[in-house]
Structure formats: structure tokens, C-alpha cells
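Chain nomenclature is as follows: A, B, C and D, assigned in order of appearance, with residue numbering initiated at 1 for each chain independently.
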Amino acid sequence: MERIGFLGPHATFTEQALLSMPESASAELVPLPGNPAVLAAVRAGEVDAGCVPIENSVEGAVPPVLDGLVADPPLVIVREAVVAVRFVLVGRAGTAQADIRTVASHGHGIAQTRGWISAHLPQAEMVVSTSTSEAAAQVARGEMDAAACSPLAAEQHGLEVLADDIADNAGAVTRFVLVTPPGPPPAPTGRDRTTLALTTENRPGSLLGLLTELAVRGIDLTRIESRPIKDRPSDYWFHLDCSGHVADPAMGEALAALHRRSDRVRFLGSFPRTAGAAEPVSGVGAPAVPLHGADAAAYRAAEDWLAGLRNGART
Amino acid sequence: MERIGFLGPHATFTEQALLSMPESASAELVPLPGNPAVLAAVRAGEVDAGCVPIENSVEGAVPPVLDGLVADPPLVIVREAVVAVRFVLVGRAGTAQADIRTVASHGHGIAQTRGWISAHLPQAEMVVSTSTSEAAAQVARGEMDAAACSPLAAEQHGLEVLADDIADNAGAVTRFVLVTPPGPPPAPTGRDRTTLALTTENRPGSLLGLLTELAVRGIDLTRIESRPIKDRPSDYWFHLDCSGHVADPAMGEALAALHRRSDRVRFLGSFPRTAGAAEPVSGVGAPAVPLHGADAAAYRAAEDWLAGLRNGART
Amino acid sequence: MERIGFLGPHATFTEQALLSMPESASAELVPLPGNPAVLAAVRAGEVDAGCVPIENSVEGAVPPVLDGLVADPPLVIVREAVVAVRFVLVGRAGTAQADIRTVASHGHGIAQTRGWISAHLPQAEMVVSTSTSEAAAQVARGEMDAAACSPLAAEQHGLEVLADDIADNAGAVTRFVLVTPPGPPPAPTGRDRTTLALTTENRPGSLLGLLTELAVRGIDLTRIESRPIKDRPSDYWFHLDCSGHVADPAMGEALAALHRRSDRVRFLGSFPRTAGAAEPVSGVGAPAVPLHGADAAAYRAAEDWLAGLRNGART
Amino acid sequence: MERIGFLGPHATFTEQALLSMPESASAELVPLPGNPAVLAAVRAGEVDAGCVPIENSVEGAVPPVLDGLVADPPLVIVREAVVAVRFVLVGRAGTAQADIRTVASHGHGIAQTRGWISAHLPQAEMVVSTSTSEAAAQVARGEMDAAACSPLAAEQHGLEVLADDIADNAGAVTRFVLVTPPGPPPAPTGRDRTTLALTTENRPGSLLGLLTELAVRGIDLTRIESRPIKDRPSDYWFHLDCSGHVADPAMGEALAALHRRSDRVRFLGSFPRTAGAAEPVSGVGAPAVPLHGADAAAYRAAEDWLAGLRNGART
């Protein structure tokens, strides 16, 4: 990849995530003004890939990214990375907390620090910036009094840390994904994740039926989200993260089954699960019993047996 | 087929069934002394096929045939036929009912006429013959006083009908099947039956899991029987009749899944369902909802889509 | 119980089973001429209970008993016992095998010794008696040359054992049950069996749905049989043995669910599982996962919680 | 109810929703500074009930409200209302769009109008207010140049509508709920909704198992959301809306089953479904087949039958 887009300017949490991905090593990193802009640039071919946040351990899913992933034309995820989210309050050198009238941050940054700011800076207005790093830049330019951003952004913009660890919930992490146009998926590693979105027909049993298609083939879910479909009231896209890779026979058969049975299904990529990222949450929906016969060898043996039945081999 | 074995002598219900099958038209029909002998002759290559009863609407399954079908080497069913079972009491000309001390019939014939014989011929002993037609032959030879057999056997052996319709349950039918060594199955007709036998591992949920493999693919059951496994106490062979043909993608995928997940699975043939035979008993276990996407076109479309995902086509 | 009926005369396998049941200790044991006669005598009040065979490890279910149990008025099982079935060939003192022209036995006895008799006594006719003990009595009276019966019957009727262990399958056992009119079931022991029969509506998913009602409540199946329904072609009674007792909350709720959802359901009793009898065959259909919350305490806690919700308790 | 809290000041969308609920007719409506403040005031007993938004047709769930509902002590929903969300851009009389440097709104208001504001007011900063009505008040006080709020707030604060229908997605609706401390639920109406939250044990099949408990009892889902659990990484609260009422036997039994099987289950109320609110989205997970026997009469009949079995009634 020659060019990879991300939510700029430099020093955002997204850039931190992107720098941890091997794809960034030899690529030009292109700051863009928003997550929708990142996805649009990938779709338009202006960049080869884009890095976007997909879920946060405190805030949950990132709705515009989920909605953007299922738009057209298709995109797929090829990599994930998890970044610990630590917020600092920054200002120009010498700023006293009592003098702060405006605090800028990205909408998610505001959501995660609102309690601290209300308690410590009751007189301040919270202003929405396009990114936490841009908020820091606004402070550096004198447009805002303070910002809630990453330590890296503070350093990059030459600002003073007025207060550390101001997030309302300590220990938050955000999972970021690298998306590209469709192409051959990364090779299976044995510890892979497959991301999907699908809609159900408005018919009894549809979702249960679709989850059963995964469960009978021993596929574990790690996440399920529902998002309203803007043009179909009372209807939802279900976003699923599953264990496994599209190249696995079990996953392939399950995807084919979902394709037959669901109204719309969108394959959003198979890629290595990162060590830091959520392990499979088996409880979400998974094989009724630890399935035997779910591995590739069992699939091959069964295919051979079936071929024999069909051509009448005297086995 | 040049030679087809059946339970002889001529004029048994089995021969009646066989004569209704198109395969009998140009074949030599070979009477044999029992259903196990018929299966053995097919396995030994002494005949090309054999006709055996598989279930009766009153007595249920025919245990030795079910057990024989799952023995080795494999056999498959290629045809079925349904015959109405009407029993007559026959004797030599001039026989008075009061003089009958012995009534011969096949074990199933005795089971189906025992009430009538006990009531009308309380003094008579019931003697087990190898077939209903052999019972008639025994009467003709003077070895027995009377027989419970088919009208055809009465006629063939020159006997007098002493009482008509002596079955305890009127309207009984028996389903017969034609079995051969494994070979390419009969072409699908769109109204086919597939017969299977499988064992479960002694693990929670096994049978439910196996039935779910059929249900999720829209495959209907028409019969389920359990038979003890002689060498595995407390374990069972489950005999299933399903709607569909091994050549159907849905059935093929289901069979492959059963092969992966069950302990032992035996494919016992795909063949046209006869008009007279039992229609699918949907209640036995079947799709949770009338599935869309269960037809061959949906399977092909899903396969194409999956292939595209795997090679990275930009669809 | 004052009077208990069984398939007579004395010395049948059924009497052996009955003698192993504590209920027989103080009761008059009444020999009757057939299993249907035993069930009829219980229904008519001529005896207080009846002992009948329900399944054999070689032959499978005993069809007339299964069919008889679901007839009207209702009967319930209160006890089970398992008896090893060992057949001997008996004759009057001095009988040579070469001289045997007739061998009597019960139909099941014939079915289980047919191979041996065909091989060793090819010249003999097999005659159906109402019981193995009656067959021995016929030999004692000189009406038959030989009988296939139990060692006990041989002894009782003063006959000589001409050949031992003549069953085609060694090690067979038969399970017998003691049935009574409905009444309070035997107290739970913690190792109980509940026997049911039910019919499904001829609708997709019915059987799978009914088995799911058991599985979700952690109830294990030990046996499933299908029997044609004489007056409803293509329809079946399903006979189920389950782990647990009607007094258990889980079983109670499951039975109530089956009552709501199935076409017809017949409770055939809760009673202690005997040591010799089949252990639960988990594979037949059972909880998807080892359920927590399936014990009585969890049911009570859940009921209390629900009552609180309904009356608005501020818990 | 004497006092009902809502997100103030007056003229918020929340107040619009509250005014449509009959409970507001005779109550004092108490404006509070945020949705968490509303829930806290109900818990503290400072108000008798509180009105909060729960989901928006464009933005999806309202995370802090979902998280707040499952906090302690318990709260329950007793009413819902749906309000069409129409945003207008307002300013003081005579304001020209070109002069607008600051646009205030609630975070959700900003999220729903960001596209329009970026396109039409590229020079403006978006400032987060505690409510859309407070944003209008800030404009009226001269603290902000413009606000994105409801027509009602524009009118109430004497502001001029500078642009109408500025939401990025037309036709959005928000569903609001009225919450109280636990108490007897509103009487069933036959068209009720029950709201739940539950966590699964991190075990294969847990979620599928829990959804099956609803499905087997004919209970339809209308919404499923997952929310991270702050103190249990990789674990989720699942928020479910179901058809039916806690007083219904089917729902009661299902709730009791969830209580037994899930790790934590929170009953969040049974209340009438409003005409405007989402109809059951059957596809989300629902009975495999249109269940018979799911109505109260069938439950009563089954209970009676079970009681008879347990006490041995000769029915």
C-alpha cells in the first residue's frame, strides 16, 4: 500500500493505531478530516487503505463507521489494532484551569470526559472538533482554551498537560481497523476474525435461524450489534464478528448459507485477531457443543465421501 | 438388472411389489428363502438386486431388514413400491373351519391376523412359515390345514378361500424397496426420498444436533426409527427417511455435515417417491420456516459469491 | 397391590421380571394369556397392576405393548426391571435333536432363536405359542416336540435341556414395566425415568420443536421410537424415555410445554431407573450445554423473582 | 405521579414526548440538566418518574440511557412514546447565515445535523449543549450565534428560524420511555412490550440458548443491542425488547427461564406498545413456527393437566 488515510491531523488516536500496523511502515499516511472522509477516500481510490475506529470498550460501537462499512461500493477489513485511550487536558503554557472557558475534543472524546470536565471546569463550554488532535491544534492556534486529547497530541502541538487521565472510565481501549477495497483476504493464521453485516427478512425466526447457521458449524461470535437501516424503518443491520477465516471450509459453508438465507449479507473481511483485541466471547452465540468435525480435514473427508455417493463408488 | 431376488416362493406380497417395479420387466425373478437371504444374495453378487419389505402401516418397521441394510458391505435403495396387504384364510377344497388345527403364515402374517384366528379358530395352532406363499404351499402339500396369505397365493396354489379379509386392521399397506450394491443413484425426479441410518456419539445434544443439520437446510423427514446396536448396549442406529435427493445441493451439504458430525452414517439411497407411499410427514422434523434459498439455484449463487470473496473479486 | 397380572403360565421371562419387583412380594400373581390381556385386565380392574415387556436389546421395542400403552383409558408405569434373556432348547427326556419336527416358542422367542433352529433343526417347524412357558407346557403335554424357553420354564415343566444358549445374539436383555391405572407417582429418587408418548401435528418443525422443549430444560432422552397410528396414515406416536421425574420442576414445565404444543401427549409414568436398565443415552437428544439453573432450587428462585416482578416488589 | 423529571429546559424533544404521555397531565414536570440526572433523580426519589430517550431511528440506541437503566437500584419502564425529530436552525432576529461562528445543540442534535452544518456553515464551530432547548436558550442569551433545535424551542425562546429541516436524514423518530422505581406493572393491554437486559456467561451457546428460551415460548423480539460492560472486558449487556407482558404466562415462564440460565437478567418493564412505535421486527428472533398453545388459556390447561399427573388424578 502506498497511501493510507486516517483521521487527522497527525497525533490522533487513529494515527497511533495505524502506526502499530505493519502496513504503515512503508506507506504515506494521509490525514483526512473525518472517518466518513477516510472511507470515501478509500472508495474513490484516493488512498489504498484507510484506518478507522470500530468500537470502544466504553462507548461501544462507532455508529458512523458501522454504517459507512455497509455502504457501497464494498470495503473489507484486512487488519485490526487495539489502542489504549488515555485522555489528558491540555492548554497553552501557563493556562490556569479557572480561566478555561472552552474545551475542544472529538465527539467521542467529549463523551468520555464529560463527567470530569463538568466537575472540574463547570464554567467551560465543550466544543466539537473533527478530531482530538485538531482540538489540540485549535488550542495551539489560540482558538480554544483547552483540549481533551492524547499525550502524543499534547507533545506534538507543544501544549502543556494541565490534568492527566481525565477519562470518566479508566482503562478504555479502542479497536481500529484497516479497510481496503475487496481483494484476496490476508492468509489465514489460525487465529482470525471474520466481520459480517446482514439484514434479516422480517419473518419469524430469521435472526435465530441465521445465528444457528453459524452455531451448527462451530463458529463463535465475538460481537453483535444492531444498527437501524435508514431507508427501512424498524429494520436493522446486524454487525457480527466471528472466529475464523473465509478460507476455512466451515466459515465458507456458513457464509454461503447466510447468503442463501439472509436478505442482504455483507462480507467485511477476514484478518488476524490481534493479541490485544477481544478474545472470542463464546457466550454471544456459538456451537451448542464443542463440535468435532469442524476442522478442514473433516470437511475434506466429508466432501470426498459425498462425491463417492454421487458417482456411486462402492466404498 | 438381469436377476432380482425376492422372498419366495412365487405369489408372496414381496413378489407383488416387485412386479410393480419397472426393473422387474426384463429380469429373472429369483425366489429366496428369507429377507436376510435376499440381502445376502445381493451382497454376494448372486443377484443384481433384491426386493424386501421395509415398513408396514400396522406393524411398523421390519427390524431384520433395517438391521440388514446397515450391515456390510453397503447396499443402497433404488426404488420403492407400496402394496396393499389383504389376507385371506385358505385351505384345500372342502375344508371346514371347525377342522382346522394348524394355520401357517409368515411371522408378519401371523401378527396381523392373530386376533381373527384366535376368535374364529380357537383350536388352531399358528405355525411360522418362511413366507405367506410358502404357507399356502404347505397347505397344498397337505402339511398344514390352512394358511393366511394373499389372494394371489391362494390362486397360484389352487386353494379355496375359506374367509376373506381376515387382517385385524383393514387397509394395511407395506412399503417394499429394491436394493442393489452402491452405484450411481437414480436421476432426481423432483419428488425423491433419501434414506439414511446414523449413530450418535453418546454426548448431550447429538441427535438434536443431527436433526438440526437437516432442518437448517430445509430437509423434511418422513420417518424416524431407532434400532438397538447389538454390539453397543444402550446405543442405537437411527433410520431416517428424508425428502430430497443426494444430487440436490441442500441434501449433499446436509449429508456431508452428518458425515462430519455423526459417529457413523450410512447412505441408503436416493430414489423416486412413489405416489402410493407416505408423503413427507413434516412434523417429524423439518425446516423451522419454509426456507428460501434452499433450491439449487440459491446454492449455486452462494457458491459463486463465496468464490468471489475468497479470490477477492471486487463485486 | 393385591393382584398383579403377567403373561403366563408361570416361569415366563415376564414372571421372572415381576418376581424381582418389590411389589410382587405380597401380591397374588395372576397369569394371563397375553400382553394385551394383561393391559386389558388392568384397565378392567381385574388386577391392580400388570407386568409387560417394553423393549428388548436385540429385537427393539415390543410393538403391541407400546400401542397398548397409549390406548384408553390411561395407564402409567410405576416400576421397571431388566432381565437377561437366555434361551434353552427343551424336550421330553430322551428326545434326540434329529427327531424334532416341531419347536414351539413365543413369537419373540422364535425371532431370537430362528437362526440357531434353522441351522441345527432344519427339519423342524416353528410354532407360535402364547408364551415361552406355554411352549414348554405344550412339550410337557406331548403336543410339541421341543420348545425354546427359559431355564426356569424347563425346570418347572420337568423337561430336559437339549441345547443351551440357543439365542442368535448372546447377552440379550429385556426391560419389563409394571403398569397401573393413574395414581400418585412413586416418590422421586434422584435417578428416575419418565416415559411419554406424543404425536406431532403434521407441520414443519413439530418434532424438532418438541425435542427442543426437553433440551432447553436440560432433560435427557434415553429412547425414542416411532409407531404408526392406525387411524391416521403417515402419522406416528413417538415414544420417549426421559431422565427425571414429573415432580421435578424442570420436567413439570417441560411436560406442560409438550401439552401445549403437541397434538396429543400421553404421560406414561415417572419411576425409579433400575441399575440394570439403560443409562441415559445422552446422544439421543439432550441439553445443548450442561445447563446450570436446571435444578429445583433454581426453579424456585426464578419463581420467587418472577412473583416479585409481577407484584412490583422493589428488589 | 406528582413530579416527573425530564431533560430540560422546557421545549426539548423529551418534553414533547412527555407531554404526549397521559401521566404528564396532572404532574409537575421538572426540568433536569441531563439524562443521567433524570435517572438519578428517580433513583433518589426526588421525582416519581423520569422521561428519557432510548433509541433514535437514525442514531440507534442512546448508550448512556441503556447503561443507566441497568445500574442500581433497579428502574422499570411504564410507558413509551415516539416523537418525530425535526431540526431547525435558529438565531436571533436578523442573523445572516454567513455571520454564524458558533452553532450549539445537544450531542445527538450535532450528530444528526453535522452534514448540513458543515456544508452550509463551514466557518461555524459546533458547541455541545446539555439539550437542544438549552442551545436555543444560549442563542437567546447571546452566548451562541445559532442553535439546531426543535421548532417548539425556537418559538419558546423567541428565535427566528434561519433554515428548516436541517437534519441529514429526514423522517427520524426518537422513542422515549417513562421510568419509575419498581412497582406493579401497567395492566396488560394485549399489545405490550417487555424490555430486558441480560448478560451471558462466557460459555459456548449462551446467547443462542437465551434467545431460544424466548423463541420456544412464542415471544417475538423487536430490538437487540449489545453494550460493553465497563468492569468486565469483552463482556456485554444485551438489551432486548420483546412482544408481550410479564403477566402473560408465556412471558413469565420465559423470564423465569432467563433468570435461571443467564448470568444476570434485569427486568426493565412491561408496558403498552404505542401505535407510533416500532412494530415487532419478527426477524430479530422469534418462534420457529406460529406456535399454538402460546396463549394464557393453553398455559392454564397445561398447568391443570400437570397438577393432575402429579396428584394422580385418573383423567
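We adopt the following convention: a contact is a pair of C-beta atoms (placed from the backbone, for glycine too) under 8 Å apart; a residue touches a chain by one contact, two chains touch by 3 or more.
Chain labels with UniProt names: A, B, C, D = Prephenate dehydratase.
Note that the coordinates shown come from a computational prediction; the quantities given were computed from them, not determined experimentally.
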{"item": "Selected pair, out of B-C, A-B or C-D, that shares over half of its residue contact pairs with A-D", "value": "B-C"}
{"item": "Same vs different contact residues, chain B (Prephenate dehydratase) with chain C (Prephenate dehydratase), by half of numbers used", "value": "same"}
{"item": "Centre distance in Å when chain C (Prephenate dehydratase) and chain D (Prephenate dehydratase) are each reduced to the mean of their C-alpha atoms", "value": "56"}
{"item": "Whole-Å gap separating chain A (Prephenate dehydratase) and chain C (Prephenate dehydratase), where each centre is the average of the chain's CA atoms", "value": "59"}
{"item": "Computed distance of Cα centres, chain C (Prephenate dehydratase) from chain B (Prephenate dehydratase), in Å", "value": "25"}
{"item": "For chain D (Prephenate dehydratase), residues contacting two or more additional chains", "value": "201, 203-206, 208, 212, 288-289"}
{"item": "Complex contacts: residues of chain C (Prephenate dehydratase) adjacent to chain D (Prephenate dehydratase)", "value": "73-74, 181-185, 201, 203-206, 208-209, 212-213, 216, 246-247, 252-253, 255-257, 259-261, 267, 288-289, 291-294, 298-299, 301-303, 305-306, 309-315"}
{"item": "Partner chain A (Prephenate dehydratase), residues of chain D (Prephenate dehydratase) touching it in the complex", "value": "55-60, 63, 107, 110-111, 125-128, 169, 200-208, 211-212, 215, 220-228, 230, 233-236, 278-279, 281-290"}
